[in-house]
Amino acid sequence: MSLPPTALSITGLRKRFGANEVLRGIDLTAQDGDVISLIGASGSGKSTLLRCIPMLEVPDAGTVSVGADSVSPKGGRLSRAEEAVARRMRGHLGFVFQNFNLWPHRTVLQNVVEAPLFVQNRSRAEAVDEAMVLLEKVGLTDKRDAWPAHLSGGQQQRVAIARALAQHPRAILFDEPTSALDPELVGEVLKVIRSLAEEGRTMLIVTHEMGFAREVSSRVVFLHQGLVEEDGTPAQVFGNPGSDRCRAFISGHFDRNR
Amino acid sequence: QERKKLVFATEGTFPPFNMTRPNGELYGFELDLLAEVAKRADFDYEVIAQAWDGMIQGLVDGKYDAVIDSVTITEKRLEVVDFSLPYTTGGSTFAVMKETGLELPGTGTFVDLDDTAATERAVAAIAEVLAGKTVGVHVATIQADFLNQYLADKGVTIRTYQTGPEVYQDLMNGRLDAGMASVTNISAFLEKNVETAMATGPSFKGGVMGRGSAIVVQKGNAELADKLSAALKSMSDDGTLEKLSNQWFGMVVTPKL
Amino acid sequence: MDTGFLSTIFVQLLKGVPLTLNLGVLALLGGGCLALVLNLLRVTRTGNAVASAYVFVFRGTPLLIQIFMIYYGLAGFGFIRQSVLWPFLREPYWCGLLALILNDAAYTSEILRGGLRAVPKGAVEAGRVSGMTRLAILHRITLPIAFRQALPAYSNEVISILKATALVSTITLMEVTGIARAAVSETWRAVEIFLCAAAIYLALSLLVTRLTAWAERRLSPWQFGESP
Amino acid sequence: MGDLALLGFGPDGWGLALLRAGLLTLAVSVAAFLCGLVLGTGIAWARIAGNWPLRKLAEAYTVIFRGVPDILVIYLFYFGGRQVVTAIGTALGLPGPFDISGFLAGMLAIGLISSANQSEVLRGAYQAVPKGTIEAGRVVGMTRITLFRRVIAPQAMVTAIPGMGNQWQSVIKESALVSVTGLVETMRQVSVAAGTTQEHFLFYAAGAVIYLIITTLSDQVFRLAEKRSLRGHAGGGI
Amino acid sequence: MSLPPTALSITGLRKRFGANEVLRGIDLTAQDGDVISLIGASGSGKSTLLRCIPMLEVPDAGTVSVGADSVSPKGGRLSRAEEAVARRMRGHLGFVFQNFNLWPHRTVLQNVVEAPLFVQNRSRAEAVDEAMVLLEKVGLTDKRDAWPAHLSGGQQQRVAIARALAQHPRAILFDEPTSALDPELVGEVLKVIRSLAEEGRTMLIVTHEMGFAREVSSRVVFLHQGLVEEDGTPAQVFGNPGSDRCRAFISGHFDRNR
């Protein structure tokens, strides 16, 4: 039996902003169907790590591979050839931004069908049909023609999720996808993520909701001071964390939800 | 006892009629002429420089009393302002570049536009050479009127320019086959380009070519117009005008008043 | 006022409108494309230097001087008169149009640059992660947002190009101002004639103002609370 | 090309005259631009925050001063201004004669034209300011003035500065039109020199250089302002 | 004994966006020292309600009072006089936006001292000292000179909280103040809110974290279809909700954190 294909792999990733070295050598691999939760203190570099994968931030060192494509930028810049590879990689990735980043000049539906129509050149009818199914899933069919500026925070976040899913990406990167959602909707998102995992898609989820992380993930990664400090199943990490730092971090949550 | 100074406006950019020294001082044929007129008519005056745009409006509005800027007397202008007697009546002719080999018949002769038969003969001869060619002229001048009236319907293309010097510029650049202007103006051009350019064709006078250039005063200011005219007349009578003309143009372009 | 004279002049001036519009529209089209190219150049270091130099020269000198330089200056060089370009450069129309385009491009590229600044970074990132090419991001995200932000400033440019076409009257083109100036030196009734010309330009720019206001609403309905 | 000595500073050189003209161009432009900035800000404010009649008034003002060719505005100020000033003076019983100086008329005319244009640039820039940051200012209880000074203006600068740079450049060049009022600024001096010496190209080129020098110097000011305005800004670009 | 002063009171508040009537007659009063959690589904109008209090959205009907000031706008517009009252009201209110709305052209410290210096005209030394204490509390002293664009999501949210507190407002309105915070920081914010309540300040907190709501609040209000559907102590609302709708909503959370 051959090894399962590696959907996503990160090795030796480093990134600094000025004097502040945020990522100091991150290694992480994900197979198809993995759901990895990334937890850590605010400012610990979770978003930066996520943003390095599609090269929105260009790392100072290290390699990022998505499927067969792989980029190892040097000196915080992409060469022309690397930029092309990065673009191919992005085609296989979905991304849900921490602050949503909806396109203000497109309606809800237009935001969702934009990439299918203008990147993947699918037919309009098909793209719209699928978009409507996705909007149905996140409970926004009645807002299809609204402008992003007229949506509530949670509605914007759900559009962002639908927009990422509409691309059929092999791997999806979520940056706090439930931060603006109420408990019921969190449950819905949980369902969606589970069904995607069953389809074999890989997901990397930054989250502060430990309950959600426990429920959804096959693996939990704890980031601390620019390094991966814990990496294991939810049971391991939440039940019996190896480091004191991780224990202290998690206890903050479980204390309150006792 | 202080006398009120008369204020004259001129452009200061039209050699050799009126020019400006780097320190702003105005000089030229018209400045000398004015000095003499002032002496004879016994008035104090000053001359100010003013761009051509707005020159007449300023006069009408009373910002100054008169304009001396080689302005030709025409019927239309008489509706708005009054003129003194004319002080130049040099004819108009054509300029061409030597390298084009173009030459018009009648060079050195005079044609009076009031003499219909002679005019027709001369125009027909010129039109034969200029048919299919382009002639440049300063916009809304007597020369432009002449071209429009006599040559426009004979296959000659007429192109009008906002200033006189641009006609020569395009003549040298080869966009024009010929340019038309006053003899005085053309002779100033030839002074610098005598190697490459030349004047050609007859010199036209009278008719649409108007009654010569004169000092402009506000409509109804007959007192000033008369005073200026009287001085000009006396200068013409005693030959001062001719002398000035020879001094600045090297020929006589002034009328016998 | 002499209404008979006014109406004759008015009719006369109207004959210049087609040329004014022709020059204005083509200058804006050509200038717009060139402005876009200039902004695209700014991505690279040398390109940025070229674009800056271009803007510096063409924004830094009066259009009138540019027109003179192109019309009289270029023609002063013998080799240009021998070249294949001469049939074009010989014509005042093409020289005037060229000068207007080059000038408009310099101004428009600055306006566009301001608009590009106002595009939220996140919107561009969202385009990049969805796998869009540079061109697609430009055409689907950046430009629509940037153009909308730049529209009020751009409407200034449209109007000033409209008015700037007046300067080509200096190189023998008889558009509205050319006709007006000819009429002024003929009749010397500057105020009446220029008032007529002003009325024509005012009507044209009123049209432009209306159009841009309409475009503002069209292009950014999300700021006006309209649904598509 | 003509004789370069013509551009020198000797008795027959036009250097000093051109220098003086250049300085006058600069003076007229600065005065007109500042006049336009003050008025333009007011107009933009009226259009954004004014009540209905104020808004319509500001709109009409913009349309007229943007739409009428500049030369005519200058004409009206120079020639019409004198009549207005005289009427006012007489009404006040002051001893005449009255006139409006060429500098004042030119500066006002160009300033008014520019104010209409600047108000549009500013309005566009205002609309590009993220609404949330304005709300954040309102909820801390800022007055309109404070809100404008501390929140809106600094952010609007980012979009406005290139547009304002354009306006400044236009003003410099429109200043050439004030020559009809008898002021000897650069363009007028150039045409006088060119006409007198018949060296058109030499002097037009010299004129271009003078304008470029003024532009270069003033561009530095705008560049500096732009740098300042961009602090903390994470906007797009291509 | 006199009645305790009413810090904040809302009566008959209505607001519609086009055809969508979001608030359909809300009544709510808060005394000094009250901490009220506002819960409800995404899109139920929580942010709109909060934004109506300082008149960022002008209500179509109803009255809002803060201390002695009171505004009852008609027809969705403020008159000049009402605008002045609203501004006085705002001076007594702190607001933490759902999407932070930091001023991008000011550093972290400048964001915090802006209102003290330019609205309340306090001395610079005093304002800076106090700002540093607040930044210390939210763990951001080292970011004092950073630009908002260079901060992580959680860091931005903490600046927004510090900015609101720097005004010493009588009442503070929080719109999901912990959405981007990790469990530890949520604990810190909890502490801050408790100490503010002890000082007698009133707080109105929109939140999706039921655990947090339970810990922090003296009262919980459940919003549904534009009306207040539940209003009681945390024990009442979470332990024994009156309406089915509320029970269903809450169970989503407690199921997962069982």
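Observations on the model:
For clarity, chains are labelled A, B, C, D and E in written order, and residue numbers in each chain start from 1.
Rule of thumb we're sticking to: a residue touches a chain if its C-beta (ideal position, glycine included) is under 8 Å from a C-beta of that chain, and two chains touch if they have at least 3 such contacts.
All of these numbers come straight from a predicted model, not from anything done at the bench.
Steps from chain B to chain E, minimised over paths through touching chains, total 2. If you take chain A and chain B together, the chains in touch with both are C.
The set of chains touching chain B and also touching chain D is given as C. With centres defined by CA atoms alone, the chain at the far end from chain C is E. Taking C-D and D-E together, the pair of chains sharing more C-beta contacts is C-D.
Chain B and chain C have centres, each the mean of its CA atoms, that are 38 Å apart. The centroid of the Cα atoms in chain A and the matching centroid in chain E are 29 Å apart. Averaging Cα coordinates per chain places chain C and chain E 50 Å apart. For the pair chain A and chain C, the distance between C-alpha centroids works out to 46 Å.
The set of chain D residues that touch two or more partner chains comprises 71, 75, 79, 200, 233-234.
Residue positions 99, 149 of chain E each touch two or more of the other chains.
Residues of chain B in contact with two or more other chains: 54, 57, 169.
Chain C contributes residues 39-40, 42-43, 56-57, 59-65, 68-69, 72-73, 76, 107, 110-111, 113-121, 123-124, 134, 138, 142, 145-146, 149-153, 155-157, 159-160, 163, 166, 177, 190-191, 194-195, 197-198, 201-202, 204-206, 209, 223 to its touches with chain D in the complex.
Taken together, the chain E residues at the contact with chain D in this complex read 51, 54, 56, 87-88, 90-91, 93-95, 97, 99-107, 114-115, 118-119, 147-149, 163, 167.
The residues of chain B lying in touch with chain C in their complex are 54, 56-57, 76-77, 79-81, 136, 139-141, 159-163, 166, 169-170, 172-175. The residues of chain E lying in touch with chain A in their complex are 17, 39-43, 47-48, 98-99, 150-155, 158, 175-176, 179-187, 190, 208, 210-212, 215, 248-250, 252-253, 255-257. Across the complex, chain B is touched by residues 72, 75-76, 81, 90, 92, 169-172, 174, 181-191 of chain C.
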